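Read through the structure below, which is laid out as structure tokens, and then see the notes.
Labels A, B, C, D and E are assigned to the chains in the order they are written; within every chain, residues are numbered from 1.
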Amino acid sequence: MWEVLDRLFEKSIKLLAFISLLLLSFIILFIFKESLIFFRAVPILKFITRNTWNPLAAPENLSILNIILGTLYVSIVAIIIALPIGVGSSLLLSGYVKEKPRLILRGLIDVMAGVPSVIYGFIGLLVLVKFFERVFDFSSGESVLAGGILLSIMVLPYIISTCDETMGKMYEKYSIAAKALGISKGYIIRTIVLSQSIKGITAAAVLALGRAMGETMAVMMVIGNAPIMPKLLGKCQTIPSLIALEMGMAEVGSLHYHALFAAGFVLMAILLIINIALFYIKRSMSQL
Amino acid sequence: MKKISSILFNAWILLSGLLALLSAAFIFIYIVKNGFKAMTWEFILSNPAGIPLGSEGGILPAIIGSLLLMLISCVFASILAISTAVYIVFYCKSKRMESLAHVVIQCMAGVPSIILGLFGYTFMVANLKMGRSLISAGLTSGIMIFPFIQARVEKTFREFSSSMLFSSYALGTTKLYTLLRLVLPQSIKDIVSSVTLAGGFAMGAAAPIILTGAVIFAPIPKSLSSPVMALPFHLYILTGEGISTEKSYGTALVLILLLFIINSVSISLTFWRKEAAK
Amino acid sequence: GCTSQAPTTPADSEPAAGDKPDEMKTEFKAQITFNGSSTLAPVISAIATDFIEGYTTWNKVDPSFPEENIAIYVSAGGSGAGVKAVLEDTSDFGMLAREIKSEEKEKIGDAKDFTLGIDALTISINPENPLVKLRDSLTTEEVKKIFAGEYKFWDELDSKLPHKEIVVVIRDLSGGAHEVFQKSVMGETQIRPDAIQSPSMGALVTKVIENKDAIGYASFGMVNQNKGKLIPLKVDGVEPTEENIVNGSYKISRPLIVVKRGELTPEQKAFMDVVTSEKGAEIIEQMGFVPVK
Amino acid sequence: MNVLELRSFYAYYGDKKIINDINMKIEKNKITAIIGPSGCGKSTFLLSLNRMLEESGGRAAGNILFNGKDIYSMAKEEIRKRIGIVFQKPAPFPFSIYKNLTYAPIFYGIRDKSRLREIALDKLKISGLYDEVKDELGMSALKLSGGQQQRLCIARALTVEPEVLLLDEPCSALDVKNTANIEKMLINLAGDYTIVIVTHNLYQAKRISDYTAFMLDGELVEYDETVRMFSSPQDRRTREYIEGIYG
Amino acid sequence: MNVLELRSFYAYYGDKKIINDINMKIEKNKITAIIGPSGCGKSTFLLSLNRMLEESGGRAAGNILFNGKDIYSMAKEEIRKRIGIVFQKPAPFPFSIYKNLTYAPIFYGIRDKSRLREIALDKLKISGLYDEVKDELGMSALKLSGGQQQRLCIARALTVEPEVLLLDEPCSALDVKNTANIEKMLINLAGDYTIVIVTHNLYQAKRISDYTAFMLDGELVEYDETVRMFSSPQDRRTREYIEGIYG
């Protein structure tokens, strides 16, 4: 009896897995296809190397170098801020916090990761941007830096939970042996846990970078959305916010519509490269 | 010299822990403090009202809508994601197939939710004529959380002791029996916790549903093809159109509280598992 | 008013008039969907909520309708999305906070549109801006120069003002406001590319309320809802008042329009009758806009 | 009489040849010990005998006959039912003791409660665990001591009524007492079951086995009655291995 | 001369008493073996001796004197530096072989490169690993075989120049050859270090130790010179344990 059920189950699992992968591939191809139409009209090189975005001009002027740079700039600022804090916190968690409180903290971190970006954006606009204007006397607080800081708070939970996982394991694995040599906790964390988690940290940074680059709602509220060459204290535009702002008006089939897909495609391509890198990092890590 | 570097190191990790905690605390306290005023039973249990709509009344349909969206996306995503994980871990024999699957899933994990929204709109709403509806929005969110669930479940399965699997096969039992009687009882809590966590993400995401099914006002939906209200979208409209700050904070607080409840389910499940393992 | 029975046999719904049982069989749609302008969306939703709460089922609206629950759904994505939704048949009605362009009308084909009211874009600044005390009016030319980035600092507009950067806030492209402003003020001139693009009118108004050096084209309705928190300026000496907007002397105005492809079904008509009724006008007025009389 | 017979049998992991041309007969209801240095292929050899090799990613060539029938032409589930295996590290399922013992019988379709109970208690008695756990059958098997876990795993392997029992260094992690218990049990079992045991403890091989096989680098160097093998090994390498250390 | 002395010493995990009133002296530069059935508290006993017990969540009562000074009044880091421990499962740090050996010395403030190298090579030689790895000091320690890893861990424990070396079943996972290597090494070390070794292999205790202690249920049943203990145990339980199986 089990043999029959087994074969049936295997068939359906295979089918479902196949459907899932097909569906995902379809979505990816779909986005690719929609962008391809645009790239027929505007060469991809021109699209990503020029910097005027003006869909309302006739003929349209659709190039997104500034926006690509803006996306990268904001996300990298976010990682630069979040990574040291995240790594530091995870080191603290891995060595100095007991099992139970750590489980609870990790749950809280998950909640943090789940706080909707609309809420972050809202707080960013009312608190962060205003803080910049008040304290630094900026004419307007919308800036790459504001976006970076907001994003750094948003990606912090991802960094912490990814790092903490590897670091916790490292600490558990080696602390007894090291303590048996009379070596202090701080030294263990500094010399073994930190140095052995480099790959985990890289993975966390890459994951966080991906999150940051794909984030829409929150970033849109605090960066000013001006498609100009980004400067740390100036406004900028990111690809997701571009799409979010303009998808409403871009009529299906128009060049503008395909250009938005193309922008999304460029973002995905960047993310894909990053994720493939992550995949290999993870794999080489598991081979250890 | 040893002293200095160790002091610097300790200062660094303490400070970053503090900063992380502070930023989290700030966000929660900010929302709780501002949202507290709006939180009444009436706010939770009634329909939005007032002119403009939402400036008075409550958010019941949005709460129900969000929960329904979560349910649909979770059911859809978990069936597919868990099957995929089972396939990859227990059935897939070819390494290449496995890598290919991973690349596709990784790739999907990298697709920003706004692009998924765009896809959902063009493909499901417009091309398939599913309309802006609970089902379109739920499926789009489901696609969004698929990679998350898949990765976590796969990890759970991979952590399952291979010597136990080995022992089970050695008794001549089949894979299905082993999966059902041995693996599932051990991993069910982890699976449920991954799914609830993902559900929380789905519930909080506005980007995939703006184009595919969220509306400003809808009663509690009666069928899969009705459009729905959803908390993040309601929040987006309340803040975006400057309708009512108090109600926005209130909505944000409700959303966070819901997430909190969902997550505590997942935390207590993990707890329970850890305790049971002892 | 809204109590007046929706005419069962109006001239413009020919098929329904002749053959009622047939109409029941074919396509009675208990569900009506709206999409588009975020300015208009709250208005329609307010009217719709009233309508649903008042009648609950369609047969109470008109006994000839079946006893089905009324469902009216409103979503928002900007005026551009309104046209788009009608074109792509994803909504019954599109909402616009600007004129329909003739090429859009052409694409829709058999377009039916209803103008519900008028909104104006007021050139608004923060109450703490010294400009408030200095003058209460700007010329179109000045507005244009500010938005084009020719004036970068307030003292370039008027030397008595402090040397502070002008923070220009605009709506993104999908909003109706962007196109209206471009057409009625900027003409061929481009808005400075480093202007802050707010994702919604609410965000734009919030920005002006929060930032002393900000200037932006706030919707007349929003200004009324936030009286005192931001100051609308006269343009060429004309104050954005209801009267001036209606008589056309305040130029930067935009119609609030609902558009549909093809004939209205009786039930859609029943609802639109309420929207265009006194009751609808009241709500439009409450939202701070000027209803069409 | 022979239960198992290997005919020019080879086993591979990937391209690496682990078992190299083994020809060997294993006698029924006797204890056969496999000895040899670490990495020589003892575990691989054992896994080949009930086709668990496939599960660990290995590949077989040549024939293994079980009661005269080639095992690679039979359903692998059946082979595994009839040839049970117990590993070095006991891996009880994370259930109660009782459920560990009914896990396989339920799979094989036994539903009758009293029959299941009978099987469970019977195997517990055989494995000498009964007296120690009889009052705690509902306790999680993970709470048992290492030696008890190992005996439970043996009992579990017996619940499917195999004809052959393969054991891979079952005592290496256990203390003297537990080892003694298990050895006693194996000697008792030998009347009814064919037992093949891999061990790195030469004394153990000497104490309990009827036949001993010495493997080196995947080859069967010497295979003989235990008494003969330890008293007068024929091959120089066997002699060196046996005498090498404690000689 | 005694290095360690336990005076009515008790150890607990939670409320469970694991070590019960042990009084015992351990002689300097000799090998003392601890034997006893699984779960009797051998590992706990060992962990108590250098205060690693605290790290595993246990609690001590009574006194342990190290060269006459109570270890619970000393800094635990110092105790652990002076009393090294090696566990059953080797856990080399995920560094190169060389770095494993310089890790602790650097912590203790040795900066001089040539001095570090000297320590590393010296300990490698003592642990008999030198010849096997001398050309690959930069190789990751994780790539060593199990037996090599275990010897590396012993070498590592020696880098801090402890006076006492505690070993908890260091050979249980190793094959005969590796075991022999380690035993040889321990016998060599005995002149300079005091060694306490927990083993479940009675032969091993017999082969290498000067003194043997037999523990049962947390109590010290018998403690004597190894030769005496194995030839004429005084306590019935000891006799039973020793003879029980191979008697």
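Quick note on the criterion: contacts are C-beta pairs under 8 Å (C-beta built on N, C-alpha and C of every residue); 3 or more make two chains touch, one makes a residue touch a chain.
Everything numeric in this text was worked out from a predicted model, so none of it was measured.
Path length between chain C and chain E in the touching-chain graph (shortest route): 2. Rotation angle, chain D onto chain E, C-alpha superposition: 175 degrees, expressed as a multiple of 5.
Most remote chain with respect to chain B, judged by CA-atom centres, is E.
The largest tally of C-beta contacts between two chains is found for A-B.
Separating the CA-averaged centres of chain A and chain C is a span of 36 Å. Separating the CA-averaged centres of chain B and chain E is a span of 51 Å. Measuring from the averaged C-alpha position of chain A to that of chain E gives a distance of 49 Å.
Multi-chain contact residues of chain B (touching two or more other chains) are listed as 121, 126, 173-174, 177, 211, 239.
Taken residue by residue, chain C touches two or more other chains at 77, 88, 199, 203, 206, whereas all remaining positions touch fewer. Residue positions of chain D with contacts to 2 or more other chains are 77, 107. Across the complex, chain B meets chain A through its residues 5-6, 9-10, 12-17, 19-20, 23-24, 27, 30-31, 79-81, 83-84, 86-88, 91, 100-119, 121-123, 126, 143, 146, 150, 173-177, 179, 197, 200-201, 204-207, 211, 231-232, 235-236, 239, 248, 252, 255-256, 259-260, 263-264, 266-267, 270-271, 274.
The touching residues of chain C, counted against chain B in their complex, run 31, 33, 35, 38-39, 41-43, 45-46, 48-49, 52, 69, 71-77, 88-91, 199-203, 205-206, 222, 225-226, 283, 286-287.
For chain D in complex with chain B, the touching residues are 50, 52, 55-56, 76-81, 84-85, 87, 89, 91, 93-95, 103-104, 106-108, 153, 156-157, 159-160. Contact residues on chain B toward chain D in their complex (touch as defined above): 161, 163-164, 166-174, 177, 181-182, 185-186, 277. Of all the residues in chain A, the ones that touch chain B in their complex are 2-3, 5-6, 9-10, 12-14, 16-17, 19-21, 23-25, 27-28, 30-31, 34, 84-89, 91-93, 99, 103-104, 106-108, 110-120, 122-123, 127, 153, 156, 160, 186-187, 189-190, 210, 213-217, 239-240, 243-244, 247, 252, 260-261, 264, 267-268, 271-272, 274-276, 278-279.
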